[in-house]
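Next up: the structures, one after another.
Next, two complexes with chain A in common: one pairs it with chain B, the other with chain C.
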Partner chain A sequence: MNLISGIDVTAGALNAQKTRLDVVAQNIANAQTTRTAAGGPYQRQVVSFESELMRRAGSTAAGPVGNNLQSVRVAAIAPDRTPGQQVYNPQHPDAGADGMVTMPNVNIAYEMVDLITASRAYEANLSVVKNARQMAMKALEIGK
Partner chain B sequence: MIDPIFQTDNYQLARKLLDASVLRHEAIASNIANVETAGFRRLDIAPDFATQLKTRMAAGDFGRTADSLRPALVEDQTARSVRPDGNTVELERELLVMNRNLVEHDFLTEIVSRNIKQLKLAITGRGV
Partner chain C sequence: MNPIGSIGTLYPSALARADAPVAAPKIALPSQAGAAAAPTDGFTQMLDGLVGAVDAKQQAASAATRKVLLGESDQLHQSIIAMQEASVAFTMMVEVRNKLVESYQELMRMQV
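The block that comes next holds the complex of A and B.
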């Protein structure tokens, strides 16, 4: 039992959302990258989440409560396979014989939406910690 | 003589509800953490906890039988998904429930506190 309840669950979520923010940052930073180590233009990376059953010391199937609590973690960071936009730009060093350049499949509007969703989710999780702290402080004041 | 004060229905009930409110907070933490996990179903206190509490209160002598009653977390079967990924968590609802739970927790700690203060007053004869 934690003094501040649910903090282990929230910690996982904060971590996962932060990873997502990092990936969004990477996508935006590489929005114009036409050459990568793997060859070809940069491919947008997408984060997916999965829930993770919390294992607790001393909890058994029928025993102490709260043993089916689920935290969250990053399941995978996978590339988005949609083809990038073709732009006519014969001066570009990565242009093909026909003068077309394949740009990364990053759409800044999508990335901004993801960015805001992730930071809102992060804030929601933070407010859970804040409330848990308040509850713990109140509980410590019992009898005072 | 001190024993009966801690065996009163009110005190024991507040204790049990405090347990439940801490557990509910953990469930909400889990729900908000999984707000974007596909197929996740929201957790809540098992509905039979409230009914058990009610029947035991009605049967009387709750103070002595309270210890065997424990709240547990189960998937909320009443929550319906409005999203294509089958997730049943609504962030707004969770935040509201969380704030309600906080107030409930404050209220319950106050009750427990007052019980103890009353006892102190009886022992020392002065207010704390």
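The block that comes next holds the complex of A and C.
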């Protein structure tokens, strides 16, 4: 029994946008990290999405309605290979012999834009959930 | 000739001796009862399945919420969506029950 169809798709999208928000949070948190476990400064992480075919577990005899709906999932969280900014700071413990420190390639302005985009996309998907529920409830009110 | 056919179901043994054709309704009676029982069974099973499905949704919602509250999962939206789905399913079950009770009361109001 699936009364609110399409909500699985939206749930996948919500999950993907939440992951994106988490990665943006990680990028902002590490905007000044010059030392990582892998060595070198922090590399900005970028999320990419891919579509995912939803398979209905309980397919009914009613027909293939919604059987080929595509949801979304996080394909990969890959590092951004852009070189980081070089800053002259000889007092810094991670400064090279010439006194230059390689900062992470995180640009706070870009991260804020990503944050707003993720937030708005999440809101849009929440609106889908809300409207799908309202439609189901309105359908149940038929005949009242 | 038997003008009051249904009386055969009440006194089959008494009337069977007096009137031979009464035997026909008597034989038909078990098959009629069987035909009446089968749809009731099906409907009962369907209602049972509906209640089971609604209960499964409630259980799933409660499991998802418990996981979020215990910190095992950060799928807050999943738990809220599961709760909403359970709520819609429950509302549908209540609507079905309302229709059922309504039809029963309609039958009980019938003039005989």
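Here is the rule we use: the second predicted complex is superposed on the first by the 136 of 144 C-alpha atoms of A that agree within 3 Å, B and C clash if a C-alpha of one lies under 4 Å from a C-alpha of the other, contacts with A are read in each partner's own complex, and residues count from 1 in each chain.
Quick note on the criterion: contacts are C-beta pairs under 8 Å (C-beta built on N, C-alpha and C of every residue); 3 or more make two chains touch, one makes a residue touch a chain.
Every value quoted in this text rests on a predicted model; they were computed, and no experiment measured them.
Visitor: Have a look at chain B and chain C on chain A after the superposition and call it: clash or fit.
Guide: Result for chain B and chain C: fit.
Visitor: Per the contact definition in the header, classify A:G6: touching chain B only (first), chain C only (second), both, or neither.
Guide: So A:G6 only meets chain B here.
Visitor: Report for A:V128: first if it touches chain B alone, second if chain C alone, otherwise both or neither.
Guide: So A:V128 only meets chain B here.
Visitor: After the superposition, just quote the angle formed at chain A by chain B and chain C, using C-alpha centres and rounding to the nearest 10°.
Guide: Apex at chain A; the opening toward chain B and chain C is 40 degrees.
Visitor: Would you check which partner chain A:R81 touches, where first means chain B only, second means chain C only, and both and neither mean what they say?
Guide: Neither partner.
Visitor: Does chain B (first) or chain C (second) touch A:K18, or do both, or does neither?
Guide: The second partner, chain C, only.
Visitor: More residues of chain A are touched by which partner: chain B or chain C?
Guide: Touching more residues of chain A than the other partner does is B.
Visitor: Once superposed, minimum distance in angstrom between C-alpha atoms of chain B and those of chain C?
Guide: Scanning every C-alpha pair, the shortest chain B to chain C distance is 8 Å.
Visitor: After overlaying the two complexes on chain A, where does the chain B footprint on chain A coincide with the chain C footprint?
Guide: 7, 10
Visitor: Which residues of chain A touch chain B in their complex?
Guide: 5-7, 9-10, 12-13, 16, 48-51, 54, 65-72, 117, 121, 124-125, 127-128, 131-132, 134-135, 138-139, 141-144
Visitor: Please give the residue numbers of chain C that touch chain A in the complex, ascending.
Guide: Against chain A, the touching part of chain C is residues 50, 53-54, 57, 74-75, 77-78, 81, 84-85, 88-89, 91-92, 95.
Visitor: Show me the residue ranges of chain A that touch chain C in the complex, using the header's touch definition.
Guide: 1, 3-4, 7, 10-11, 14-15, 18, 126, 129, 133, 136-137, 140
Visitor: Give every residue of chain B touching chain A within the complex, in rising order.
Guide: Within the complex, chain B contacts chain A at residues 18-19, 21-23, 25-30, 32-38, 40, 43, 70-74, 91, 94-95, 98-99, 101-102, 105-106, 109, 112-113, 116-117, 120.
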